[in-house]
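Report on the structure given below.
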Amino acid sequence: MKPILVFQTDFTYKEGAICAMYGVVKSVDRELEIIDGTHEIPQYDTWSASYRLFQSMKFWPDGTVFVSVVDPGVGTPRKASVAKTSDGYYVVTPDNGSLTHLKRWVGIEEIREIDESVNRLRGKDTEGVAIFHGRDLFGYCAARLASGIISFGEVGPSYPVDEIVEHELREPEMKDGVMHAHIEIGDPNFGNLWTNVPLNTFTSAGFAYGEHIQLVIRYQGEERFNKVLLFEKSFGYADKGQPMIYNNELMRIALAVNQGSFEKTYDLGYGEGWTLEFRKFVHD
Amino acid sequence: MKPILVFQTDFTYKEGAICAMYGVVKSVDRELEIIDGTHEIPQYDTWSASYRLFQSMKFWPDGTVFVSVVDPGVGTPRKASVAKTSDGYYVVTPDNGSLTHLKRWVGIEEIREIDESVNRLRGKDTEGVAIFHGRDLFGYCAARLASGIISFGEVGPSYPVDEIVEHELREPEMKDGVMHAHIEIGDPNFGNLWTNVPLNTFTSAGFAYGEHIQLVIRYQGEERFNKVLLFEKSFGYADKGQPMIYNNELMRIALAVNQGSFEKTYDLGYGEGWTLEFRKFVHD
Amino acid sequence: MKPILVFQTDFTYKEGAICAMYGVVKSVDRELEIIDGTHEIPQYDTWSASYRLFQSMKFWPDGTVFVSVVDPGVGTPRKASVAKTSDGYYVVTPDNGSLTHLKRWVGIEEIREIDESVNRLRGKDTEGVAIFHGRDLFGYCAARLASGIISFGEVGPSYPVDEIVEHELREPEMKDGVMHAHIEIGDPNFGNLWTNVPLNTFTSAGFAYGEHIQLVIRYQGEERFNKVLLFEKSFGYADKGQPMIYNNELMRIALAVNQGSFEKTYDLGYGEGWTLEFRKFVHD
């Protein structure tokens, strides 16, 4: 059975771009199965693209081909690539930071730059188009790979894995009884915030379910949140509307308001500049 | 042919949750066909989840498996269940009110609580996760059922249908020439409001297409709308921008502005507290 | 292999309409493949419906059946039709302007009005419903056509192609060294604006990549934008946040801000009343 194609982009469904891109895939091979990963990655946000690949990939069958098109540099010399992960998936993507988490936390076995002379759509009045690589390059090449028309080796020339463009990934640090951490990403639907602290690291540092923990959140050093929160394994342990610390679906420490939005309630964000300090709460 | 899986959630496509959930399904059985019902149920709104199941289910082939994950109580003792309807569909859902309309208007033949010791995803670093039952429990169990790996009987132990958690459903009432009714739900796209009055009930009470009808809308008893409206079978009978009463796609009385939003134009809502009075309009 | 069904509507996924419509399709024939084109066409905007069909259709396999339901006149005498294009696609749509661009730029070979006595859903308590033709008429008829249950001839009686309802399409005009043009449509995600000037027309008129061009935008004659812009083949040639002129994915001249929104940055729009003047920039 041919591998599934899973797409993620920042295109949204507001106009006809995805429809055109999927048409190209089906014109390469009618049998290919296309799944929407998401088309609502924040615009130009290659960090989120990277995180969403990491978040969902391991749940798919071996050999699944992911196509990630968040491409602020389209038409510039950034590489258009296909990576093979250590656990056997393929990712077709601009090499612009979108492979950061997979490279660090899963491993990239090999990466190849797409040879446009072979693996780019011809005809259909697309020859002079320099801006829609989702349709003309990434989607088309991914379809050829999944269909078996080309092998991974025929994507184009390989290049060293350590040349892959990466964002900085920060690790949490326990110092003097304080867990220093970062807010890695949000859940833009429910408003939860996800930290870079694995559950294991957190519990090994002495924090335990059922306890109350003092959390300080700073933005660029300035205090923006300071509360004592319950740490539990699910939202239902907090009263409705109450903030809490929990273990998220990727086994990492996260922040929520039960049936509410942590991000909006406290006017917080994620990414560069947002830092956390967790301390055991000692009752007076 | 294996039954189709139709999913509805309040997850949206803003992050990677749906992608992970669908990956689990495809890892259970590559052949399973997945259809998006909707992922834009209002957050935690089990009433809407229930209504949307009722609204669309009967149009699907017999045996279709619906997965509904609107789950404010995830991680609390609410039951995770699979219901079999009287007309032969399956619904995999938390038992939290999401089965209200199907139970009353279609009928639930049997309901079983999912046995987590058998029908929950293992591995993939999910063992300590208590919050994402869409991925680890509902999606996984539904895939096993649709695939034929387990029978309905193997979902888990059955429990009495009359223990199913239900919201209150109100019936319209004709009294002294006035039809007293409720706004059951809205169409959040076009802004129409749907009442709990079946067309048959309405016409049996003496209201007829082509007539003008006086409609009073109250919120918690206070008058919010009072106009004489045309009752017709489609929007085009009213001028553009004019309000009207019509027969909706589920053969129930509804309120619209032709090519506009009834809900926004008159600043109205639906659910608890919103009541209606329809009266024959007698010209002076 | 049966043709694919590609759907576009203005329904959104906010409620259960699409789910019901797709259920009808799958009940006609389980084997049919359904693809979301988009369900976010602006409400009642038959111009956008027409443009999106044109934008994506040619990338699909021959014989693909498009279903376009943007239908402000549902329940009025507008025709419900199936068109066959000169390049071998089918479009199931209300005949309300949604075929404008295909008729002019691709060609309609034949058009037939759907015979409701044969090709309309029966049963399921839909007999008295006059408002949801996406489910009961367009989706149902398209499924029968794609499945091979009916031939194109069995859709219903054909009528003259020149009776098809059309919006006005304007052509650009070069006069006294000025290219007079219109903004045809926007990209509501990235905020680019697309003109009605083909790249060939533009370059034949003497404009060339790498040059700076003076652009004046007027709304109803009043000047709303007046700047000298770089004309290049991709966004990356402009600095981040800078406006530019580029060649879009349909080989037409378009306006962008690199990694920003041209439409929002300059508070502009598209459609009736928005006119453009391109002039060679002569440095003092």
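Each chain carries a letter (A, B and C) given by its place in the written order, and its residues are counted from 1.
Keep in mind that, in the parts below, a residue touches a chain if its C-beta (ideal position, glycine included) is under 8 Å from a C-beta of that chain, and two chains touch if they have at least 3 such contacts.
From a predicted model like this one, the values you see are computed outputs, not experimental measurements.
Chemist: Does the subunit B and subunit C pair touch with the same residues on each side or with different residues, judged by whether over half of the numbers are shared?
Modeler: Subunit B vs subunit C: different; shared/all numbers falls short of half.
Chemist: Rounded to a multiple of 5, how large is the rotation, in degrees, that superposes the C-alpha trace of subunit A on subunit C?
Modeler: Best-fit rotation on C-alpha atoms: 120 degrees.
Chemist: Report the inter-centroid distance (CA atoms only) between subunit B and subunit C in whole Å.
Modeler: Taking the average C-alpha coordinate of subunit B and of subunit C, the gap between them is 32 Å.
Chemist: Can you list the subunit A residues in contact with two or more other chains?
Modeler: In subunit A, 36 touch at least two other chains.
Chemist: Which residues of subunit B touch subunit A once you look at their complex with the stated criterion?
Modeler: Those residues of subunit B that touch subunit A are 10-24, 26-27, 30, 34, 36, 43-44, 72-76, 124-126, 128-132, 135.
Chemist: In the complex, go through subunit B and note every residue touching subunit C.
Modeler: Residues of subunit B touching subunit C: 1, 4, 6, 8, 35-40, 51-52, 55-61, 64, 187-190, 199, 233-237, 246-251, 259.
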